[in-house]
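First the structure, which I've put down as structure tokens, then a few questions once you've had a look.
When the chains are written out, they are named A, B, C, D, E and F in that same order, and each has its own residue count from 1.
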Amino acid sequence: MKYFVHQNALCETDAVGDGTRVWAFAHILPKAKIGKDCNVCDHVFIENDVVVGDRVTIKCGVQLWDGVRVANDVFIGPNATFTNDHFPRSKKYPAKFLGTTICNSASIGANATILPGLTIGESSMVGAGAVVTRSVPPFAIVVGNPAKIIGYVDSPQVLRKDGGNVRAESEGIIHTNVRGVTLHTLRVVPDMRGSLSVGEFDRDIPFKPLRYFLVFDVPTRETRGEHAHRRCHQFLIAIRGSVSVVADDGRKRQEVTLDKPNFGIHLPPLTWGIQYRYSSDAVLLVFASEYYDASDYIRSYSEFLTVVN
Amino acid sequence: MKYFVHQNALCETDAVGDGTRVWAFAHILPKAKIGKDCNVCDHVFIENDVVVGDRVTIKCGVQLWDGVRVANDVFIGPNATFTNDHFPRSKKYPAKFLGTTICNSASIGANATILPGLTIGESSMVGAGAVVTRSVPPFAIVVGNPAKIIGYVDSPQVLRKDGGNVRAESEGIIHTNVRGVTLHTLRVVPDMRGSLSVGEFDRDIPFKPLRYFLVFDVPTRETRGEHAHRRCHQFLIAIRGSVSVVADDGRKRQEVTLDKPNFGIHLPPLTWGIQYRYSSDAVLLVFASEYYDASDYIRSYSEFLTVVN
Amino acid sequence: MKYFVHQNALCETDAVGDGTRVWAFAHILPKAKIGKDCNVCDHVFIENDVVVGDRVTIKCGVQLWDGVRVANDVFIGPNATFTNDHFPRSKKYPAKFLGTTICNSASIGANATILPGLTIGESSMVGAGAVVTRSVPPFAIVVGNPAKIIGYVDSPQVLRKDGGNVRAESEGIIHTNVRGVTLHTLRVVPDMRGSLSVGEFDRDIPFKPLRYFLVFDVPTRETRGEHAHRRCHQFLIAIRGSVSVVADDGRKRQEVTLDKPNFGIHLPPLTWGIQYRYSSDAVLLVFASEYYDASDYIRSYSEFLTVVN
Amino acid sequence: MKYFVHQNALCETDAVGDGTRVWAFAHILPKAKIGKDCNVCDHVFIENDVVVGDRVTIKCGVQLWDGVRVANDVFIGPNATFTNDHFPRSKKYPAKFLGTTICNSASIGANATILPGLTIGESSMVGAGAVVTRSVPPFAIVVGNPAKIIGYVDSPQVLRKDGGNVRAESEGIIHTNVRGVTLHTLRVVPDMRGSLSVGEFDRDIPFKPLRYFLVFDVPTRETRGEHAHRRCHQFLIAIRGSVSVVADDGRKRQEVTLDKPNFGIHLPPLTWGIQYRYSSDAVLLVFASEYYDASDYIRSYSEFLTVVN
Amino acid sequence: MKYFVHQNALCETDAVGDGTRVWAFAHILPKAKIGKDCNVCDHVFIENDVVVGDRVTIKCGVQLWDGVRVANDVFIGPNATFTNDHFPRSKKYPAKFLGTTICNSASIGANATILPGLTIGESSMVGAGAVVTRSVPPFAIVVGNPAKIIGYVDSPQVLRKDGGNVRAESEGIIHTNVRGVTLHTLRVVPDMRGSLSVGEFDRDIPFKPLRYFLVFDVPTRETRGEHAHRRCHQFLIAIRGSVSVVADDGRKRQEVTLDKPNFGIHLPPLTWGIQYRYSSDAVLLVFASEYYDASDYIRSYSEFLTVVN
Amino acid sequence: MKYFVHQNALCETDAVGDGTRVWAFAHILPKAKIGKDCNVCDHVFIENDVVVGDRVTIKCGVQLWDGVRVANDVFIGPNATFTNDHFPRSKKYPAKFLGTTICNSASIGANATILPGLTIGESSMVGAGAVVTRSVPPFAIVVGNPAKIIGYVDSPQVLRKDGGNVRAESEGIIHTNVRGVTLHTLRVVPDMRGSLSVGEFDRDIPFKPLRYFLVFDVPTRETRGEHAHRRCHQFLIAIRGSVSVVADDGRKRQEVTLDKPNFGIHLPPLTWGIQYRYSSDAVLLVFASEYYDASDYIRSYSEFLTVVN
């Protein structure tokens, strides 16, 4: 016997692979089959009609009922709970218990609940506290009650080549191919009290503002504003909804969709800017480096071209 | 002594009914009362001021605190968790612990949480992972966090005599009293990735289509369309929202509300059909057995009556 | 001549049916054709390429342009207005004017507007003031701008519905009874392209900011934040939704609901501020006069009272 | 005198340009100024303090009040109505009437109402029946009560280079750079009774279907499905909401957003298809050329690459 | 004769007050009565059964039909349009034309449309382009299509006295085939200030209540309540949303959907009532003839059958 | 050794404070540190790198993993579950486990799940069954999956001095300073089947009604109604939405916002009442002590003043 059973454990089966450890107050019934290099923690209970693969971790407080099949490299978090009857009644047994299949490398989070008859797909990740009511596809990450897919373990990046339309993903600054125009992803601090997005002037935002303005209640998607400034810097953020911004230095042009409260665009002076495709709930926040001065505006694109060239 | 206590269990009470079994690592305090033919599984803990009826199943990892009263034939799933204090603080005890009453034949799903002071009604069913914050009425089925009623155990069919208005419940075909007109409930496959409704032509749908059309953005409920076809079969499904359809063979008439993406109506040729009462979000999908042919339409009801009689 | 022309009318056509009356200041061009028993009221104008059926009533102030065809028994209410060009430009004429066809027994309500190229179906009823942008089916009753079907001539009940309007409060500053705390109503410029709210720093906003932050996605109304600053000024605006702010100088306290994108509150240093009762869609914009500095925060109300007294 | 005044008109001014015509029952007061080549139709009334430019058309039933300024090439539709007092009371006159300025080449639709003090911008187009409550920007098209911008007269196409993301605009078929994959914009027939989208199989849709399915209630945007077929053609339409589809032939890849009930994508056999970014209300309709056959599915991308290469 | 008639006008009545002026192309029929100091502008038309007060301004393009009564100091804007028939058909006349009453000092904006039978209250202001479908209260300002109140002219301290325009569903009582159970459609009085539904106890409601209760926030459609009373009458109304009620006398059963604030059901004693299918926004108002008494409730259907048989 | 270890427990550490008790089947690893007067219940498991303060209660079925720090006076409910790895995979360990910090006097409800790396703030309260995904602020009460703040343990009442605007909080009657006007907070019974608000006439409501009415679909916030009664008592409740009521006895005036279905105002005879600021969804329920009698209404405020003085 090359596996370990704690003196306070009760391991009634012999079908245990090498290197497996069974800890205190765990109880395994006689017909269960446990693979190699497993870890069966304190207060675990395993019934007879159970097959566990190799390198499986079963944390404290878990029970594996008749009909559970666990493949290799699976992690089962503490107090995760399985079921094998959709409509349990005391002393009334279904013709056949509904089994649960946990595929290779899947992980089941702490205190998750798995409804009967489901398959937990390969490498999937069930979040802590999730109540899983439908089978989980391979590689899916699921959370909540009932559990829903919130992503995939190996989200491929091939999907991210969005042509000319740049989208913010992680903090930092992106230089566009339009002279001086930069895209800024600002800090976000999520918290039980809500989310907080912060920008410091002359640090995150490349200037100190003398003015801000808000654009909202834009009646239709077709509504459009456009102009350039001679001296004024602008920094635009779509605090709600989305707005498309075209930046143009007279030679190159780039379109950006602002759609997050922590994603902004810096338009330096002598950049022709167009804002349009406002979503119905859009609120655009603009910081400007100068007070309002009508003579600073260039409102005709042909005049703009003359000035920059 | 006619009850069984596993050698690794700790049963400090004598008040245990015949036929009851207490399994490994369970612990029952001296003043608890347990009925007949119960099953107290591994790692269960039962305090003193607890009364358990007959034929009760208590799965692994459950604790019954002072104040819990369990009637007969109750099922308590693994890791289901009880409470007896709304606002627990360490070392501070309420004047009186709030009891929990579980009525006859109720079932509490795996890993459910029961807030203090509640009654779990007769024959009710608490779903796995539910967090129960209000008393559960008899026969109710509750799920979610917080738990909500999603149905009743013994949903009576007396409620289903809806006069002329037929509603789809389970898969299959219903013949109406209008000649050739059938109602089809198609397969739905719910899945973590969404729901899928499927129809195969010449199998589920009684013909192969040469054309489909979609009706949407119907501005008002009063808007109405009506006509018959000479040769064309139609199959109508309200993919979103609801639409009322009247089918009329010249002698009999039936009104059906289409309101599910898997519930369709087959209108064979020479059936007068009226569509109206579109909900604001309605999308009606129609399969037609023929290409468009203006001469196939009968647009006047009096002409229709002449043709069918 | 068996028809009547008022002495102040100008009827240049002979093609007028028996029993028709043409009233004062009406003007009919030479090639128009008017049926029997019609009533052409004061100030009506009828062009050449117009055919009017029998028993038609044309109330005052109506013009019938080239291309209008009016069948029998039609009623055209006063000041009802027709068109024959989708995109009229002065002195630019389409290849062909778009005609309007009004079918038998239709009625067009007072002051209704009929877009070009449409058919107004038999016995239909266009409501007073309606702007008709699509052809009207037979027997339909249409009202509104744009006109929508609200019923059919031969079905019983009919009702109406629609949207709202926005109002700006008066600009300015209100002093509260809390030391240094002021309420600011900022400029709003409503415009066909949306609304614009503007604030200038050191002018409308009583300081120049070194930092801004946005608070959003606050999960529940009960969520609360509170603290004071030693040196930092803050200016708060609820850009979306509403937030309640309590300002407290250690002796007096005032609660203000921020609920407009142009309404802000200035909290000077050593003001205890509480933000709570966030609506689910609230976005709070805060300008701060200083960069982030943990030592500037007073997070305990008792410490705050010590500092201010 | 080189202008024409109808014998039934009353033209009290001499300031009328050459080529202008004044028609029956029109009335122009003595101090009005009218430009060249204008057309003043029947029942028009023009006050004294009015200046009208050249080549202006004023259709029947229009009044131009003191304070109206009309530039050149303007079109004013029949019964279009101007105002010059926000709060008119009988016999109470404002200190100054609010003027209306209509810029060059603007058009005002039939029966439109123009509130006082507004400017109607150059080349703008006010829709028939509109009630204009705010100034209209140059080139804007406005309709409704109150009038809102629905587009611009000369919408430039420079904004339409959306990179890899193709959007449907007008009927027809677009070939993508993925082998055999085509985008289909199907017919839509808008009507007062709602909109109708139609597709004929073997004509608009490139095959006859043996099966359809609907995907709906997709719980989260992150949810994703992907596979290829060996023999089955598929045609996908997002009937409600939006879905992103990636089509991949093993060498090239294209992403398309389906977001209209009349915009579909044809995926021929041996195309790897990914569906994701379902909006919460999305309903995806899929036509398949074959009955369901598990062996027709290729579910692994690596196997797909082997098969196609 | 101390009033002025333009030489191009046609004034057939002598009943014109001193100081009144009638302008070019206006036409007044012989029996009309016009007060003092009025201004009747170009292209106005006034029928016979019309009475106009003193100091009234009637701008160009207006017609006053038989039945219009205009009090003193009224302003009627250009092209404002009146009506006197809800359902005009050519050559078909109502038994009596619906009059319009315009009270002292009211103003009607340019191009507004006034539906028949309405009263335009004292000093009220109808906005330009408004389509007025309900009587306008004194001092109210109304705009839009249909017109809605957006404010009051000068914070008046007197409101009310509306007369006319009361619209209701078909009021009355329906007997069901369940013993003693009746359906009641109560009065509704729609008004520019909102809708009012009224019930009088012992008259409309068949008893005097000692108790009422409201049921709301019902979490799911599946939630169900049912019981009978021994002595207590109940009257149920769904004030918001909808609720299905099944009434059962032990032999017959009827299902009714309550979905209007003026539609109620009376359940006499010894009627088994089931409430279910609450819409998510449903609020059920119940009047009960007795105070709460637990012994009055029959909660088991089998007991109910025993009691009634 | 002054602490207690049950004979069936396994306590491998010596670092246990005086007065602490360790119960059956609990297991504590050798390097754990446990404070004084703690209670470690049955089936608890504590790893090595764990520090527990004084007077801590750890209920059955809990595990404390390496990295957990528990301060003094903490309560951890039964089956509450901790984690220390965001992305657990069997046999793959993070560079460092994420610790959990539970501050003084915090309580963690039964069966709650705590994600890794969080701080549970001082005196906070995590509800039973909660899944905590973000750190919990001091004193916050959090529930749900994911957990959200629903209140604070020590909600201060200083926020409740709302000037003239009274808000209902707990059951009972408030006397206003207007003669005879009282505010009534009625019973609410929340239940799994929805919420129930109950009022008994002549008990909770100070009279027996002869009439009720409902006001709804009030079109705009500016709409206002006002009058007094000579003999009729009224009792008003906003069943949905909110309505502001001003009560005035001729000398004093108070404004109250009705915004809950269990909060009403009693207006005795000779009280001038104004209702306004209806929210768009408002439904106002009014009980009246008399049948409708036009002579009972005082509609002019000046007449009202004469009557009451």
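To be clear about the criterion, a residue touches a chain if its C-beta (ideal position, glycine included) is under 8 Å from a C-beta of that chain, and two chains touch if they have at least 3 such contacts.
All figures in this text were calculated on a predicted structure; none of them were measured in a lab.
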Chain of greatest Cα-centre distance to chain E: A
Distance between the centres, which are taken as Cα means, of chain F and chain B, whole angstrom: 30
Mean-CA-position distance for chain F and chain D (Å): 50
Centre-of-Cα separation between chain C and chain B, whole angstrom: 44
Chain centre separation in whole Å, for chain C relative to chain A (CA means): 40
Numbers and ranges of chain D residues touching at least 2 other chains: 25, 43, 61, 79, 111, 131, 145-146, 148-149, 190, 192-193, 219, 223-224
Chain contact topology (line, ring, star, complete or other): other
Chain-to-chain touches, reported pairwise for every pair that qualifies: A-B, A-C, A-D, A-F, B-C, B-D, B-E, B-F, C-D, C-E, C-F, D-E, E-F
Residues on chain A engaged by chain B in the complex (per definition of touch): 10, 25, 27, 43, 45, 61, 63, 65, 79, 81-83, 87-91, 111, 113, 115, 131, 134-137, 140, 142, 145-149
Complex contacts: residues of chain C adjacent to chain A: 166, 190, 192-203, 208-219, 223-225, 239-240, 261-262, 278, 281, 283, 285, 287, 291-292
In the complex, chain B residues that touch chain E: 148-152, 158-159, 161-162
Complex interface listing, chain D residues touching chain A: 148-152, 155, 158-159, 161-165, 219-220, 222-224, 246, 253, 255, 274, 276
Chain F-touching residues of chain A, taken from the complex the two chains share: 8, 24-25, 37, 41-43, 55-57, 59-61, 73-75, 77-79, 105, 107, 109-111, 125, 128-129, 131, 143-145, 190-193
